[in-house]
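Below is one structure, written out as structure tokens; the observations come after it.
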Amino acid sequence: MSYARQLLDTYPATASADAGVLSAGIDALSDCAQACTADVDADLSEQNVAEMVTCIRLCLHCTDICTATLGAISRPAAYDAGVTRPLLEACVAICKSCGDECERHARMHEHCRICEQACRELLEALK
Amino acid sequence: MSYARQLLDTYPATASADAGVLSAGIDALSDCAQACTADVDADLSEQNVAEMVTCIRLCLHCTDICTATLGAISRPAAYDAGVTRPLLEACVAICKSCGDECERHARMHEHCRICEQACRELLEALK
Amino acid sequence: MSYARQLLDTYPATASADAGVLSAGIDALSDCAQACTADVDADLSEQNVAEMVTCIRLCLHCTDICTATLGAISRPAAYDAGVTRPLLEACVAICKSCGDECERHARMHEHCRICEQACRELLEALK
Amino acid sequence: MSYARQLLDTYPATASADAGVLSAGIDALSDCAQACTADVDADLSEQNVAEMVTCIRLCLHCTDICTATLGAISRPAAYDAGVTRPLLEACVAICKSCGDECERHARMHEHCRICEQACRELLEALK
């Protein structure tokens, strides 16, 4: 069981959503943020780095927005739909763009295929 | 002139918005993120820390969301309204809640008054 | 297999360390950063919040330093011992302090016991 | 007067260092983190992006480490030399490398000259 799930199961206040749903989201956000950071570095190592510029930029945005969303949903007590709803909307939007861009390079660069998968799993978890 | 402004003035691509508006937003986001971090630590030093719990939580959210927004608008080339618009909406919402909560403590705690001011200046800059 | 491991296995450059060791470190850093964020929020929900102030502060430091270390070792191409060595040293030091403080509350607060465990696993992974 | 300075002047606990020194460090860390983020995006817009790869990588590391250091010194109450000293050492090391690399591109790319300056000012503030 992930740390996120264990911590939600022992949470002293009432969380704003089901612990299983929240912890799946938290784990997928962590994975996606790290996969995008690693993919940026891998992209920078490629011969055709000039063709990877869009991928690098979207991955940088995706890491930043996933990290903020991770923080917000890891503190469920102060849940406020007026904040969390648009934040999740931004997260889904960047994650979709980033996954689509990674998909374009997936056949040539295995690391982009893996990063795409991390984006898709996050989109699934945030549904 | 701030670094943000100088960097936008020498930006090799076309930015998505006026350099003056963008750099004012960037500087206010930096200030607000740091003010909220410092206010959390100051709140934790107060005798009445139990009454500061909401303030601490909102400041933590505000730092995380300001930091992500700062990253996103510091990389203007990959501007995508579908991402930036809801991200700014989340930022304005948390910044308003955080500023309002800080205002409640402003007469008792000078550091909350200063943090409130950083939130209000950011709201002004993001208008 | 974790995303971190898959990405290291498909890394186009030569990484500075064994992929198994690096990916175990990356996964443990992600877990610890998130566990500390969640533990802060849980601590803030406790009746005896005044007694949790040190725990909250150490967890906040631990999240920030784990996040930076995670970024640094997720970009292995630009490895520089002059940067990574002291960064890991700071990470080990805060992780030890944070784990020890969480241990003090572990019998009373289950969430602190879990956070302690995340800190200890990270210390093990960074050995 | 910067927000960092105002917040330190109203800090309810005893800070670990002089408010003027601390707030100059905090402001320089904020500036450097943002300058590096912006420089990455500017580098990615250049024709000779393949030659900017090292600069991009060092700027990414520099942003992450400055952000963590900013968090740590913005919470002066939990000061622990065993954590802060190596963290500052890592920060100085990456900032020096990043400034030196930016200097190499400073004549060709004005944005690198500005980023170099932000790194040098931070090194001065952390002395």
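Going in written order, the chains are labelled A, B, C and D, and every chain counts its residues from 1.
We adopt the following convention: a contact is a pair of C-beta atoms (placed from the backbone, for glycine too) under 8 Å apart; a residue touches a chain by one contact, two chains touch by 3 or more.
Everything numeric here is computed off the predicted structure, so don't read it as measured data.
Any chain touching subunit A that also touches subunit D appears here: B, C. Between the two copies, subunit B and subunit D, the Cα superposition rotates by 180°, quoted to the nearest 5. At the interface between subunit A and subunit C, over half of the residue numbers involved are used by both copies, so each side presents largely the same positions. For the pair subunit A and subunit B, the distance between C-alpha centroids works out to 22 Å. Those residues of subunit C in touch with two or more other chains are numbered 40-41, 44-45, 57, 60, 67, 71, 75, 77-78. Against subunit C, in their complex, subunit D makes its touches with residues 54, 57-58, 60-61, 64-65, 67-69, 71-72, 75, 77-78, 80, 82-84, 86-87, 89-90, 93-94, 97.
Residues 2-4, 6-8, 10-13, 26, 30-31, 33-35, 37-42, 44-46, 67, 70-71, 74-78, 109-111, 114-115, 117-118 of subunit C touch subunit A in their complex. Across the complex, subunit D meets subunit A through its residues 40-41, 44-45, 49-50, 53, 56-57, 60.
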